[in-house]
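The following blocks contain the structures, represented as structure tokens.
Consider the two complexes below, in which chain A is the common component and chain B and chain C are the respective partners.
Now for the complex of A and B:
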């Protein structure tokens, strides 16, 4: 009898606690190299949300190749927010699953990309092959590590940066095609994702240069020591805009719309921007950017919209079956 | 009218168990497989051909089927020896070795791929000294065995190239051969060999005329299993293959590539081609097995 009372009390108190402070769980489906960023950011957001509303929020993370993640969400992975490597993958959430509205990218500032990155060269200490710019990596005898643009979002940025450089410098599409052809001739291993490529370069010691996300390159310096690797910034690169969105269909179903929106807004706050910068993503916020100006060197950046006519066009021209990337191998 | 069901069996419940078996097989095997066929049936013939017969895919079929075959043959031979040793000899640590054989079953394939990479890459424990030997060996073969085309292998590395695919497929295929041969070998009494010896057979004759025919059906089964597994293997291979278009891309990787582009129909079309080809090959192997049974049962 006593035990029964005890149990009732326990149950009642548990229910009472649950009623006074809600526990919310969000799922953030992201791409490979953002693991460390979101571990920091989620902790900060949980604190902020607790202080603001009194609710506990736990954010679960899921990481894999950006394209694979978009596919998983389309196939039913109940993501509250998607933070993917490029707009094309979020577009797929509209095109394939109709999970977000068509104009999703206009809902948040800066093309829905709260932080940016770019493509840089990661080379071995002392830069033994003397690599300074894109022209140096297509020379015979230099080996390059980059993932496969067909399967990796990061690799698509790599490819387009090289293409953009060659187009600007040599003036014609044929020359640019020849240039990326030479580049991929120097690639001995095409991994399927950015992390795999980094591992190949860093741990297997394959390649003289790795084309890498800037944040990933800095992470390598941090994890493996600046005495083993160097970052080389080319004269021209591309503004990589990893984009974020609330997945409307799922948040409406789960009733997490408000907190999911707040989560993304918080990425634009001073605190969010600071965390992004600490994790080597270029912040959008001018004042935060000014603080980290020494970390992120200034360089000329192409943009996907101005220089390539947007993702839909770039994807179609270069990466679909029979596109330019396929052609450079079929000669 | 002597149907199977009307014949009286000692065991009851034939109808029930047959029904269950068919339903189960349908649920687990046939429905997913037919989904692949249904998805492709929406394509026109021209679309289908365009999806499955691009030069990249043709190169990948040759590679996937060729290397799986090679790995299965090597596994049939060395797996046979392993099974023989494990059954016929007792030595300290035999049980440990026996358990080790199952490791490729249990290990996540991605782990296997990464481990093989770490070992056989030019800075790995094994690759460090084996890679130069491999390069030298191929060079030697290309000058001394000129009737085979070595071009695709010349200058190759062990890891991140075609040989890596072979290594991975040999690794994952081994237990299939060993585990199918072991029980048959255990059943095979040593008395059989003694009888052969008393009848005047020498060791070679005992081996080829007495033991081998008994083992052949199981060996073929093991070979077929290893082969089929090799064709479909993805996880371990992508890490070690280097994935060079037209050179070291396996077919399952191209299926994934199609999926990345939301080309579900293209992906299933390739799957259908692989399924049909594998099915035909396995059928052929089954016939071969039947024939071998009849051939040796004089």
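Now for the complex of A and C:
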């Protein structure tokens, strides 16, 4: 009898130990400049999840141009979550691979964009070319660094900000096309992603101005020193809304749906928003935003929905094969 | 105002010019330096842009390489593999065209021949890194047959599982690829071991790769037989093989290439037909077969010690097989256990210095007349001996029309024109022995004298 009790206790202990020893691995496939953000966030989430459930979570990161990452996921990269530069790239996960539902953007607050950013100019210290606004960078002799809109989400935001500025200032699409054409004439190198462009501008010392994510520009100042670079805020830019989603097909297959959802929910938590702000992303949470109000300059921002008719339209008009960008760049 | 004389004016102008010249020169030099500096800066910028473009191209190429499937065509076949190597499909082929010429074989025997000995299309693949398959289709002979059809699971180096149709792991030489045996034909020892069977086996490397085990359950076959792709009976064979390569990891050791071990099978057979379709000579002529009424009924077992040794150009292979079977002369006749035994010792030496190998010789140069290179040459020799149990005669087999012993010597020369192309010339001489009940002159024509066979083969294997 004693032996049976002993066996029962032993079995229960073994089962209990097996049940509590859960280790989960997630893959977050993201765009180029979010490396530092998600290093901080993943550590915080792992701590939060361990305290909540007792499970260990390891989040692996993959970073490249946003468009290229969307293609990689569609090609089979088993992402649990996609945190991409723009909604159009997440849309591709539905359009091409049917990996997420069509209404993926409605599943989380703020159209599934837990933080925002904008596009600013990064120039060399002293601003030797006297760059203050968009008109200054299209002048002959100014060299611009921006990535390829075909592969980079950031580049598409850059492009649309320039287009929106020219459309508002010069009043016609033809003029806007001419303006953006002049801009790309000044671009000697097209990197595939925003981080590559930063390398081109900062480390390879190419170009007079880099069109940059705001968070990336501040990161450059932090990492390389404000004595070497300056951030110039143009009179008008665009509200960049990086979006996030669980990749339904893969999380169901891997059994990670609950933790992947919790991971994205946590981006909206006070701590998640604080981490985003610390990494120079504009937080959605008003309390956190108020705390960091001095960090982020105020400027007029176009929006993708109001000024470009949404990402589907903007993508089709400007960035699909044969679109306006191809007409400008391949001319 | 007094005017200056022309001479004085000239002197003043000259003095002035000379006085102002260094300043002018300095001004000129400075603007030139500035222009040069600007030019250098422009060139430097252009150079950095070119370097960066090149860097981006290389990054793009590296990224593409990490996702682009790989196509490989070489002397091992045609391979399509995913970028990460976890999935691949390989197409290989084997074609053997033989010429058989028999000497002094008496009148009336028509056995000289050209034969398409093997014509195989081999497809192999790996999926999800650990799951493999093999499908071998034989187009040689009179009908298209499936030689091998199996899939495997790589659980760990110490545990590999295999299911389907494949070679039963008993005979050492039988397990060697058809392409790379020393001789055109395997020795008469192979008559006593099962060939391709349906089954499941587990195998793996232990003790740092120095011990290899194989355990399997198979449908069970008669000597030298292959399955007909179905096994409708309750009798199965358990097969095991244990091979040691104790010096495998001792680089440079004399015995590094030594492997030895044992294999065996144990099972029961109950067949309406005879135990074997027949034992054949090196020249592929039948010298023994059971009477048509003989049936296998009861336990059968095989035991085979074996070894393989390679050192530089030298290769040795030896095996002994005893195959025991319980047979009845008819469905109601008395059961008798028969033990047939055979052994062989074969040697090869690569005359051109390349290494001898169980997986074939790789010539250091290919045959190319224009380049003056000749490939590799290997001389081979073999002695083999098979004895049929005397108790088989005359109840289970005719003493008049069967030999009870065959002793064969073989010598040959293999010319490796390239890894995938081989020309082989073999000479075999087989001496037959007979049961005491046999007549002075055997009833079977080919047994009346030694078999002297000259067999050449042109082989393409990739």
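Some notes on this structure:
Everything that follows uses one rule, which is that the second predicted complex is superposed on the first by the 309 of 331 C-alpha atoms of A that agree within 3 Å, B and C clash if a C-alpha of one lies under 4 Å from a C-alpha of the other, contacts with A are read in each partner's own complex, and residues count from 1 in each chain.
Here is the rule we use: a residue touches a chain if its C-beta (ideal position, glycine included) is under 8 Å from a C-beta of that chain, and two chains touch if they have at least 3 such contacts.
Note that the coordinates shown come from a computational prediction; the quantities given were computed from them, not determined experimentally.
When both complexes are overlaid on chain A, chain B and chain C end up clashing with each other.
Of the two partner chains placed by superposition, only chain B is touched by A:329; chain C is not.
Taking chain B and chain C in turn and counting the residues of chain A each one touches, the greater count comes from B. When the shared chain is aligned, chain B and chain C each come close enough to touch A:204.
Look at A:143: by the touch rule set out above, it reaches chain C but stays clear of chain B. Of the two partner chains, chain C is the only one touched by A:75; chain B is not. Shared-chain residue A:303: touches no atom of chain B or chain C.
Once chain A of one complex is fitted onto chain A of the other, the partner contacts of A:189 extend to both chain B and chain C.
Comparing the listed stretches 5-13, 23-31 or 41-49 of chain C against chain B after superposition, the clashing one is 41-49.
Comparing the two interfaces of chain A, the one with chain B and the one with chain C have residues 68, 188-192, 196, 200, 204-206 in common.
Residue ranges on chain A touching chain C, taken from their complex, read 64, 68, 72, 75, 143, 188-192, 196, 200, 204-206.
By the touch criterion stated above, chain B contacts chain A in their complex at residues 54-56, 117-118, 121-124, 157, 159-161, 238-239, 242-246, 253, 256-263, 266.
Across the complex, chain B is touched by residues 65, 67-68, 71, 92, 95-96, 148, 150-151, 187-192, 196, 200, 203-206, 319-322, 326, 329-330 of chain A.
Put simply, chain C touches chain A in their complex at residues 45, 48-49, 51-53, 55-56, 59-60, 63, 67.
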